[in-house]
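Across the two complexes that follow, chain A remains constant while its partner is chain B and subsequently chain C.
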Partner chain A sequence: MNQRSSNLLDEALGLDQAIEPWPLRGRVVAIEDRVETSGSFILHHLLKRSLSRNPSSVSIFIAFAHPFSHYDRILRKLGCNLVSQRDNGRFFFFDMLKLRCPVGDEGTTPGGGLIALYGKIHKTISALPEISQKNVSIIIDDLSLMEVAANGSSDHVLDFLHYCRTLTSEFDCSLITLNHEDIYSIEDGSTFLLQMAYLADILIKAEPLATGLAADVHGQLTVSNKGRNKASNFHFKVKENMVECFYPGRSRD
Partner chain B sequence: MAAAKTRASSFSRNLSTAAPSLGPGLKCGPNGTVLLSSGIPDLDKILGGGFSLGSLVMVMEDAEAPHHMLLLRNFMAQGLVHGQPLLYASPARDPRGFLGTLPSPAASKDDKSRGPEPDQEKGLRIAWQYKKYFGENQLNFDGQRDGKHEYSNEFNLRNPLERHFFNGQRVDCVSIQDSPDLSILQDRCTTFLSQLPRNDGSISCAGRIAIQSFCSPQCVYSNMEWEMLSFIRSLKNMVRSSNSVAIITFPPSLLSPSFCKRWQHMADTLLSVKAIQDDDKELAQLLTGYQDMIGFLNVHKVARINTQVPVILEATTFSIKLQKRRYLVLECLNQAPVDGSSGNSDGTSGSCSSSSKTGSLDF
Partner chain C sequence: MAKSICTALREGALEGELAPALTIKDSIASPFGLQVFDHVLSQLFSSILAGKSPSQGLILVSFSRSPSFYLELLKNKGISVASSDKRIQILDCYNDPLGWKDQLVEISSTVTVFREVKHMDKLFNSIIELGRGLVGGGKIRFSISIDSVDEMLRWASVSSVARLLSNLRSHEQISSIFWLLHSDLHKARVTAVLEYLSSMVASLEPSHQLANGQRGDLENFALIEHNSKNGKFHVRFKKRNGRVRVMSEEVHMEQSGINFTPLSSEGAINQGLVPKVQFNLQLSEKERIDKANVVLPFEHQGDNGKPLQIYDGRRSLVDSKQERAVAVEKEESDSQRGEIIYYRDSDDEMPDSDEDPDDDLDI
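Right after this comes the complex of A and B.
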């Protein structure tokens, strides 16, 4: 029972049925979280899954939020060694903590640093051997900081995402992004969120419980899968070595 | 807390060889982090030992009360007592003047003679308070073992910090009032943090950055929201790669709601303080010790560096009290026992109270 229930998230994403071909191939996954409930654990989970499924799979991690050591420690506890994966050429870590797009010359170099970043991703994927090219996951942590790096121009970030989207059709890779739901207020029009929801094939929302924080239940996840036309909702508890997912009221199963 | 426990166990020897040698006022935390004290022993306990090096702490101010200054003062004074470099930025015209208002550590003799008394009192009162008392003892013990410097001091808010603490040291003060943009502050932070690079092994010294009322309207740039956000992002990244802790206080009501949320997402540790209205009769009935409280502290987020597991606290709201008008104390809110005289909810007690009313009229 426990074995089964811990895979609710995988089930909702379709990861439980077929490992090959990778169910997220050519898909865009958007994760949205809140101040109270961080959704970064889903990124870690997906990163681990994508690295451990197949010896030819490759992950490209674009980090705006944390340095490499942070992810390395977390993934090590999840049972995945990022350093050795990086040395094997299966994990590419792009440290974007210091990235700041130039202000002013938008006319000549739209998006500034983001264009260069896209070029870097494209180059990395093109340089991969044929078999790995079909198994790439691009993971971005997180889009709100990318907006800050682009000096608040969400249009440039959206452009960047559209470009990355073309990669998903060109190379059949998957694109996984994290963003915060509560930073877009109604008055500025939450166009960015709507655009993301439109782009995404799978939308995962991490929310706190309405009743507040609890030690046994860290929050709830809502996964809407456009491809399978279904949504699922369940509670989760984050642990160091895994994420426990269960239907409401069944945490002790 | 966890670190203190493992040290006391039989594994202590192994740990001490593996752990990097730490300077005064630092201790090992979980997940390979190093902690420094916030200057308020109770807050350290709540956060699981203190602020971890490399984290950005944000405090949401009460727009009408200066309670965030209490946190800042203790944070800065603790750093100076440990001889840690300090960068203080404030919208005041003369930020150095603020150093004169820092509290001085309670003399250790005084601390000892004072220590057991109230603790015993508390322990006798309610059994579960033993736990708290126990933790405190362990912490003190830990501090004494490390040498003459204790990990965290209690500060006497009535005595100013002696001058020698901030004369010989690297104390940098910046006024952010008149600068047209954030480049000056940015440069000062960069040079300050470049002295504290992170390298594995020994950490001899940790820096503290305190920025007060960051988006206050006195600052020229207070309407440049993306620039401020970008500054916070770069500060966060610089702090993360150095041995320091930055604390920023800001009045959230002056930011637009969406930016306020963005700032909160930036924070590793997010706190908020709130003053108490003078006579809130309803609250006074609900909470014990209401007359000593000066405000509330809310813990919204605790830093999770090198881990994905969120820290779930037993309580997130604490009352800020001034013990003997000198020492800053944080306590869980205790609901007052329902008083027989005030509980007139049902019919029978209603009749009782009416009878007592007639009684009081007799006087």
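Right after this comes the complex of A and C.
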């Protein structure tokens, strides 16, 4: 298992100890990556962790970026079978690749766009057995494409996220989102990233090294955990079936 | 300072004055606004419960966190929710601000929530109604707290939000009001508008400013880590006569909650930043005093009442004759002391002239 190798990431998130309740329960986790360093591996890692932590845990995956087969292949490498999890009713996959919200204000009317999506999520969680309701993770990949689906209105996306957040306080579920840091510019007056940073309890940033590209290190992760007032920083290397995290200069290769 | 804010909010409005209003302002570099808000909220509420305030109740308008969170918070602070039920009312703008849940017919909600946050007038009416329901009509006052103005500003225009806040402030039954603002989400103009509306502004700043917070450099990381626990807390009081007083404190985030300490002196901060090396980079107190006592060469003159003469390389040409006389006189009077007497060869020779002395050489 990659139990040891990903220790630092798990440690930073508080996942290294098998404590109940789950440390991410009722929390919002925002992952921000850049074009040079994709942060999707964190999403896969958290998906796997959330499915494997206990037999009643449920994940709801809202995919704007890739089809189901993509995630299935990756998670298989990580040792987790999404098809069987789906058949067992523990993994719900919402394929949103073709979602287009109606133009204009109609995006916020029921039956169309994000409200309908929220309704679907709420219905799914409500239909779960009581024990599973307390162990739900909602994962969104990714917010920038959701914004595209919402015709570029970041306000609609924020409204949607606000409603997803009410689910975290209503059902104690966790909300995990991926977004790209470098497509927003502060000069344009875009405050979407800041809004996300305020919304999130845990912010994970995947960045390239300040010194440029390297063969042995693929980038660095900065994890700011607001709940625990802790921040950690380490390097990572993405391998075929696991991610290696280590402090700067401690690579085992 | 945190104390004086709470005192001002507790004292409430004087007859015929606007209610004191507090803006709590933070930014992403030092995002402790919610913790400060919680602190002020629980302090104010416990003094309302203890009957120390003219205000008889508290209305909490919750936008960014769920009402159950606040009830839990007050319980953790040792305030029993059961007995406080009649003193606090929460207007829930969190669970269903836009009425989505209402529209999805299959979802039934048992909590009464406010569903039209886009209409500021309706929000105003609900707040006042809720307050009247809490304390009754007449002259009995109550306080208001709004946990995020940002959400309001996202759904309504600046002018309508400003009107709401200003109407609340001038309402005869309002004792005091405070709200939270994330300043970097808005233009400076918007922040200024809200600061004008308030008599106190509490702003949170990082204790170490990052040069550019963009790249997660390792050097920056130490500062980021420091800033995730510590910050500076400035409070600006606007007095009725227009006087402004600014005070500063430090805040520390701890597992148990927020902690305010007096500002440590600048020196102490510097000392903490000096790298640890084997030799001294800084002077001890004695060395500092000794250094200050050293008389620098040009300071000898004019010590014993003698006129101060600073040689500028030109003046001697004009009064060299007089000088020579003085020198001779000196020789007579202090013959005991060693002295260097210098007579210039001729007056033609220019002292320190700009001319090149080797001008005439033919090389």
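Definition applied: the second predicted complex is superposed on the first by the 237 of 253 C-alpha atoms of A that agree within 3 Å, B and C clash if a C-alpha of one lies under 4 Å from a C-alpha of the other, contacts with A are read in each partner's own complex, and residues count from 1 in each chain.
Everything that follows uses one rule, which is that a residue touches a chain if its C-beta (ideal position, glycine included) is under 8 Å from a C-beta of that chain, and two chains touch if they have at least 3 such contacts.
Being a predicted model, the structure only gives us computed values, none of them experimental.
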Chain B and chain C placed together on chain A: clash or fit? fit
Message: Going by the contact rule set out at the top, does A:Ile183 touch chain B (first), chain C (second), both, or neither?
response: first
So, does A:Ala12 touch the first partner chain B, the second partner chain C, both, or neither?
neither
Value for angle(chain B, chain A, chain C) over C-alpha centres, in degrees, nearest 10, is 110
| request: Identify the partner contact of A:Ser144: answer first if only chain B is touched, second if only chain C is, both if each is, neither if none is. | output: first
Margin query: Going by the contact rule set out at the top, does A:Ala214 touch chain B (first), chain C (second), both, or neither?
Written below: first
Quiz item: Of the two partner chains, chain B (first) and chain C (second), which one does A:Val157 touch, if any: first, second, both, or neither?
Solution: neither
Exercise. Using the superposition on chain A described above, determine whether A:Pro67 touches chain B (first), chain C (second), both, or neither.
Key: first
First (chain B), second (chain C), both or neither touched by A:Ser38
first
Q) Thinking of the overlay built on chain A, is A:Ile115 touched by chain B (first), by chain C (second), by both, or by neither? A) second
Smallest Cα to Cα distance in angstrom from chain B to chain C after superposition equals 16
As the complex stands, chain C meets chain A at residues 28, 31, 65-66, 68-69, 94-98, 100-101, 103-104, 106-107, 150-151, 154, 182, 184-187, 215-218, 221, 224-225, 228-229, 253-255
Per the touch rule, the chain A residues reaching chain B in their complex are 35-38, 40-41, 44, 66-67, 69-70, 73-74, 77, 97-98, 100, 144-145, 148-149, 151-152, 180, 182-185, 187-188, 213-215, 218, 238-240
Within the complex, chain A is touched by chain B residues 31-32, 225-226, 229-230, 233-234, 237, 240-241, 256-258, 261-262, 264-265, 270, 300-301, 304-310, 312-313, 316
In the complex, the residues of chain A that touch chain C are 108-110, 115, 118-119, 122-123, 126, 155, 158-159, 162-163, 166, 169-170, 189, 191, 194-195, 197-198, 205, 207, 210, 220, 222, 224, 226, 228-231, 233, 248
